[in-house]
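In this document, chain identifiers A, B, C, D, E and F correspond to the written order of the chains, with residue numbering beginning at 1 in each.
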Amino acid sequence: MVKIGLYLCECGPNIAEAINLDKIAEQIKKDNKVAGIEQHKLLCSEDGKKFLVESIKKNEFERIVIAACSPKQHETTFMEVMSSSDLNPYMFQLVNIREQCAWMTPDKEAATSKALRSIRAAINRVRHHDALQQKEIDCNPDVIVVGGGITGIEAALRTAQKNRKVYLIEEQKLGGRLREYGLLFPTMQPAQEFLNKKITEVKNTGQIRVFENSKVKEILGFFGNFVATIENKDREEIEVNAGSVILAIGANPFIPTGLAKYGYGTFDDVYTAAEFEKMTSSNNITTKSGNPPKSVAIIHCVGRKRLGYCSKVCCTNSMKIARYIKEKLNGVKVIQFYKNLCLPDKKYDEFYKKTKEKGIEFLRFSDIEVTKEANQMMLKYKQENDNEDALPVDMVVLSTGLIPNPKTEDFAQMLNIPVDEYGFFKEEHMKLGPISTITEGVFIAGCAQGPHSINDSMVQAGAAAGKILSSLVPGRRLQLETKTSYVSETMCIGCGVCVDICAYGALTIDESKRISVVNEVLCRGCGNCASACPSGAARHRHFTTKQITQEMIEILK
Amino acid sequence: MAKNRDILVIGAGLAGIEASLLSAQAGRKVYLIEQASYFGGAAIKSEEVCPNMECATCMLAPKQSDILENKNIELMTLSKVTNISGESGNFTVKIIKRARYVSLVDCIGCGACFEPCPVSMDNEFEENMSKQKAIYLACAGALPNVPAIDMEYCLRGKKQEECTACKEACMFDAIIYDDKDEEIEIRVGAIITATGFKLNDSKQFKQYGYGEFENVFNAFEFERLRASNGPTSGIIQSRDGKEPKSIGLIHCVGRDNRGYCSQVCCMYLTKFAHYALDILPGVKVYQFYKELSIPEKGNQKFYHEVKEKGVKSIRAKEIEIIKNGNGAGLKINYQNEKAEKESVDVDMVVLAPYVEPFPGTDELGKLLGIELGNFGFFKTAEFDSVSTIRPGIFVAGCAQGPKFMQHVTTQAQAAAARALNITED
Amino acid sequence: MKGKIIPLKDNLNNTIKEVIKSLLEKGCFDAILVPNRVPSGESFTYLLINDQDFLESCTPLPPIMPIQGARALRNLTRRGKTSLKVLCVMRPCEIRAAIELSKLRQVELENISFMSIDCPGALVTKDYIDKPKDSDILYEEVLDQWTSEHLRPTCNTCVNFSYENTPSDIHIGIIGQQKNHILLLPISDKGNALLGKIDIQCSDEISSWQTNVKEILQKKTDQRNNSFSELQNKTAGAENLDNLFSDCINCHNCMRVCPICYCRQCFFESSDEVRIEAENYFIKAQNKGGIKFPANTILFHLGRISHMALSCVNCGACEDGCPMDVPVAQIFSYIGDTVQKMFDYIPGKDRNEPIPILTYKEDELHEYEDSKGQ
Amino acid sequence: MEEKTLPRILGFLCKWCSSTGADLAGVSRLKMPASLIPIRVMCSSRVNPIFVLKAFLGGADGVLVSGCHPGDCHYQSGNYYTRRRFAVTKKIFEELGLDTNRIRLSWISASEGQRFVNVVTEFTENLKKVGKNPVKAEVFL
Amino acid sequence: MANNFKPNIIGFLCNWCSYAAADLAGSSKLEVPATLTTIRVMCSSRVDPVHIISAYLQGADGVLIAGCHPGDCHYQTGNYYTRRRFALLHKIMETFKLDPERFRLSWISASEGKRFSEVTKEFAEHIEKLGPNPLKNKPFIE
Amino acid sequence: MKSFKIPKSPDDTVKDILLFLLKNEKVGSIFALSKVHNNNHAYTLITDKELLSNITPTYPLMLANAGKMISRLTMIEAVKSPVAVVLRPCELRALFELVKLEQAKLDNLLFVSFTCGGVFPIKTKKDGLENKLKEYWENVKTGEDFQELRESCRICENFVPDNADIILQLAGNDTNTGTSVLIKTEKGAGFLEGIRDQFDEGSLESTTLDTIRGKRKERKQKTFADLKTEDFGIEGLINIFGRCINCHACSKACPACYCKLCYFESADSESDPSTFEIELKKRKAIRLPADTVFYHLGRLTHVGFTCVGCGMCSDVCPTNIPVSTIFSKVSERIQKAFEYTPGKDLEEKVPMSIFEMKEFEDVED
């Protein structure tokens, strides 16, 4: 019989006063299931830990149950003690008789009997524990960055290190959408100057291999070991290996065709902000008739209702455009039609104020329509106070939001990451993992994740770099979660129930065997699959059906 | 001279925690210093986080456990930087660790010491809405689970009395009355400062009646009212313990004076509306806003969902809060979008004051030799909002400016990337 | 909806076989999966045939269903799709079970087409085996009445005996105004195309057939409701349930013949349940004074319900296979109906609708969780 | 033509003896009917009776199990078990009226190239006499 | 009779939220019925309905499953499946009149120590009112 | 051999003995057939004395082979405190076989058995088994063949429980005046010490038993001959197993089938669609689900040695295939060839785990 050692911690008076430990020891001795019972004042103390190691070794215990505090407090502590005692740390069960017994049960007798029940359950459970080993795999520290816009460039620069190669893959030319920009807000600095500096930096960094005019055909593998097939500009297929992937494929401007009231596509001089941006980079602002406009209206929030989200950057971007026009064209009248000003940065209120100071008008509307009367564009609008008015203008710039890159879906499928309800990549956790995905090792940065300013996109690129630099260190092996699931090959029938419900794509069907298999690199160990599997072929390490039912049977004795 | 690979993180809120975890995961020794007796920052004060209404403690607790269990991270609470010298790759930092008077090693967090302490003082963590003893834990579940003695209030400190109540109650000899402040010197290669923010004390804006009327709350007060582990165990009530029948939520408190949008207030007030509608049947909620700033995915949807539940959203100017009648009731006077004067009576008002740098940011800025921007936040480079002007020192989180949690996380991760990069072998 | 009404050629089975034969002749299929009498004559089995000669001995609508057709199809395609184009001639419940199995990756539907037949129900297999000849005559009567005490009990309460809720390709209607006719009804586009290939124009009105189906449906629905309300009392409480199941000898036959129970190894036969220490039995025996062997009879049935009741197609195979005549199928039919309604789910109706337990909605089922503010 | 009339024999040959013996037959350019298709196993004891049954029901006209002579087994005693198992199979065949002519156990050592040829030739001739395995045409198996 | 009845309640708690809440209840010295014994699982989705039925047939007086609030699951979506499985189980028990009231699904977040105490107290009282599981001492049924 | 007689019916005699054992704490629990809810019967493990009144150890119904049940109980570990187990001879033999196969442990088990008069098919239960009991017991007394019994019982020659510790004499004995109890082993004597002041001498063998054995043998030979298995060939096999529906119930009920996962349910036995396609091409038609004959032949190779002829397989077959009779007959031939009687002697190794240098020369070339 395996030798199980039981240790009862008094936790000073905390447990000893609330629970009759002697009685417990006596009962457990009667059960005759443990090889020894020891009691100690405070097992988590240095003295206590020393006592444990010595006692375990002396008694040659093989499995240990410690009745003390919450595992949140000292599970790790005692697992270390297990290791110091030359035992596998998982041959151990901690019974929480402090937080969840002593402290919550005023009646000593009741507390004692509850503690006894819990300890018996733990003894019964620990008998069925398996020694688990910390698993490690070799991993590749290199990085694949998909998308060569400013986010991708920044991500590449931030990840490129001495011992780490970066593959930066861009479908067209490095620079992305920013190549069409004239100025940047809120600094109003020339965009191309800024971009070129960055591109030069990329080229000067020895560690970045740039693929321009290239496509990612396929990415296989998983965290630590991805293989990407790239079709380069010469239509050759190249395979690169990396440990992680950053998806920085950006977003597209929303095109308001179908929103008839804005006159886009109907009237000549109605542009989207993105189209206008191209004009600014060519430095030539004219209407279709070739004359510079005398009055320009910029309409905010075009399509916002349809998209269902605020794109965050358009208000400020519109102001940038307004200022540009005002500077370029003497005496031009620029009016901004807005609903709500979204200025989410400490610098933006000031930017707005400056914009106003330049003589740019701001008009809050509740409804608007672009019409034409005798060759003159007219803006008919309704104000918030329900006053209606009309304004003749020569040019209309529609400030539209950002929508997902159509490629998003392809990459999402390729790498098993969900997209959100708007079609952007879905982050692992909105607050804590904003650039991570449920597929470990795949990160999303910039507008591929949602609308962001250039600054925010670049921070996200840096964040992705941070995640990669910290988890994939050159020369180090990747440590995996221990309490993962696995599938018994003999028992599995391959129904895929576990595959469907796994949030991390850790389970797949091995088509050759027609059974499901767990990728332990991806499994995070929740055990959902073990419950979903009707036959019990999917098994959750350290929470096996056996272990749980054994716990139950003692509790229900 | 070889670069020092260790990293110092100042401030153990969400940003500091995230930056520390990443740095430690990369194999670096991390010193994480926190001025308070607990860590977790402002994030752990929330009950839930919008727009997904996730439990904040549930989000943070695993990360906090990771910090406490990580052998590479040395968490120093009650600590402050006093001096810094050297340069990127080789900083020497002096830190003062204030006496806790309770041993972090010996204390097991049983709390037996609270009861006997004769002193009652305001609980700062709970926005002074509840009392605590001079030996205290910020809130139930605060980490590390070891109390501290506030010597300013302890009878031994202020009155020099020979009180030993807590020491007697402690079975573990964890109380150290002669604990001393300790100055230590560490060497690090990079520094990340993540000292966070505070909400402006809105007393200066008389029109809102904060400090004058007891049922005008600021955002954190309201947050703690709703907190399950807060002073009312999550029951939203006015100061006299009554369930409010109507609540006014005031946006942009002080924004115009201050000069920037604090970004998060529209959303957290929406969350407050959700809180109220969720647990106060029949409550009337009014939102008084100037500009709605609801960027980020999911936020607009959340805003509309809450609005549909019956929040009255009013674009208002010239808001003024006055007493309504003889009781504790309040009246909100305002000018609506049609420039008409209107008013509503409410039982409770919650203000969203602007976000400002955490007190002491300026001082720290001087010590670190990094500039502060217009509003007192740490100044960062254009299009590189984690880098300060001094190489080797980075900023993360709301110390750089107000932001949503996700941006705090991203910045922390980005700052960690920089710190890891420059301290690379 | 329109179909083609064709006159009977000597008998029902032969008429259906004529249709199948022309489909085979036109090369629409490589093989037909169809019931066939076994050589000894006293039972039927599924045969996969690719030769017309074998069609002779086939019985598209046999009086019994000893093997649920979905099991036959599962045997063929469990390990992957077949490259043969196969027409499966089956009862509606068999097709629905096959659809359910496809959702569980036990059947690959690619290349598979279904021909369903209005099903009068199936006789009890054992009775048939005892007296095949008499039973054949008996079944002729069943075809007249559409209900009989000799049928499996769940067949009498089956409400999915016709084309509705069964996504087959071609349906054969046999409940006609004209008893000497059958109705060919294309259900899917594929079915339409197939009938087109054998030059069958579906232009006949089917409303009179539909009326008949409705009548029988009403009859069966009434029987079903009666049966359920009886069961409601019979199954109420552990005591009653135990009485119902107490004949169970734990042979697990019900599970084995069930088309839906697809596990390679049943949880209740797995190490987790079977290879356990003696002590476990003694603890339970101590707790209760005494326990049964084999243990966990009720747990087995309840467990099986929790695993597959959502997909139960009420075929009655379980009861047919039970050596102790436990009314398993009736109980499953009753509980299956209840839990399926909870998710508004009809198993096998829609190929693309996931089994409810494999998906979720964020906002649902709040009556089962504690309300938040409590 | 011979191809068609030849019986089809499945031969389980152990790696160490029988398979080497078969090779030797080839190297020695010995002639024998092309009726046997060998399946190499490490030891004749790997031949589960199930394999023999499956081959038989699958329509093989004959099944040959062949290993080292008793006492010569590369794995000490594997072939003794082979023999017992084969005996069981044979008893079942006998009892149920299945043709025992179709299954055969032969010990063939590595040097017995000629014996291999003899066994196969004889088995083949035998099977020719008993004719095709009727099981091949059965559909209700 | 009812006074002497000490129910035996099993609580399956998810590691991240509800177990932490139970700890918090303890460290806040809130009372939680001693009749509840907990089993820690990584995620509430690990709780198999078969285990619950088994516990019931073995004589458990009550079974509580507690996990993170919907949307808060540490493993993204686990608790949505928990809910469906529980609903299914509940429906089965309800239909067969197998004391559905003895089973409860609660969402308790890490900060809701008080709620943990309340839910468990309320549940324990509820179970006490229901009385002992009749199957506990009933031989030959399990 | 020590013996004693209790002037009670067999069931009450067993109850007396068990009560004695329980009361005196000689055993901690009882394993026996009991009447459970709703007038049903099942094997039970009882610790509560009160529940002893429910036991019906000689009730002629075998709903599961007790050997298999004891294997469930002791598969992983032996029972720690003594258990009195009441079971039939074939069940005991099955259990001994399972012990040899490491599927059960005998420590601490006290075996009570009886000279067995056989059981009814389980289907009889619904046909009013109660009404047939009187006639049954009459036939047990005389040892006459009773045609309503399981076929396997009617042809069973091994109805004397050689390995039991305590044996009740039923078959061939007049139980109206009371029941004779034989104490077969030292162990049995130890347990029953104190149940009587004085014991008689008794013997297990008698001419009546021989007569019964003779009758059964005769019947067996006839049954086996009628079966004409030798003439089966593949056609015959298809005829008899053609209605098999692959439910594998026979294997699940069989005490000799102890595999965790049957080969015929394992992935190894599954065929790819391409295999079916090949077969279809070959045969023009194939049966689905496939492998019925294969299954039964394969199972024969596995259980041929161990088959104790208990008859469970026939009883649970939903298509009324006489599995047991066929298996018994084939097994008899195999067991004869190996001179092996299953369950007779614990020391005797399972034939498949041993060999002799020189044997079965007839099967090899």
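Please note the rule applied: a residue touches a chain if its C-beta (ideal position, glycine included) is under 8 Å from a C-beta of that chain, and two chains touch if they have at least 3 such contacts.
Model, not experiment: these values are computed from the prediction.
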item: Chain hops separating chain C from chain A, counting only touching neighbours; value: 1
item: Partner chains shared by chain D and chain E (touch criterion as defined above); value: C, F
item: Of A-F and D-F, whichever chain pair has more C-beta contact pairs; value: D-F
item: Geometric centre distance via CA averages, chain F-chain E, whole Å; value: 44
item: Separation of chain B from chain E, taking each centre as the mean of its C-alpha atoms, in whole Å; value: 35
item: Mean-CA-position distance for chain B and chain A (Å); value: 24
item: Approximate Å spacing (C-alpha centroids) for the pair chain A, chain E; value: 32
item: Residue list for chain D, restricted to those that touch at least two other chains; value: 139-140
item: Junction residues of chain C - those touching two or more other chains; value: 38-39, 45, 47, 54, 78-80, 242, 264-265, 267, 270-271, 276, 284, 286-287, 289-292, 295, 307, 357, 372
item: Two or more partner chains touched - positions in chain A; value: 72, 490-491, 501, 514, 532, 545, 549, 553, 556
item: Residue ranges of chain D touching chain C (in the complex, touch as defined); value: 139-140
item: Chain F contact footprint on chain C (complex, rising order); value: 31, 33, 36, 38-40, 42-43, 45-51, 53-54, 66-67, 71-84, 108, 125-126, 129-130, 239, 242-243, 246-247, 249-253, 256-257, 264-265, 269-271, 274-279, 281-282, 285-286, 289-295, 320-325
item: Interface residues, chain C side, partner chain D - complex; value: 38-39, 45, 47, 54
item: Residue numbers on chain F that touch chain C, as the complex places them; value: 28-29, 31, 34, 36-38, 40, 42-48, 50-51, 54, 63-64, 66, 69, 72-80, 122-123, 125-126, 235, 238-240, 242-243, 245-249, 252-253, 260-261, 265-267, 270-274, 276-277, 280-281, 284-290, 315-320
item: Footprint of chain A on chain F - complex, ascending; value: 261, 266-267, 270
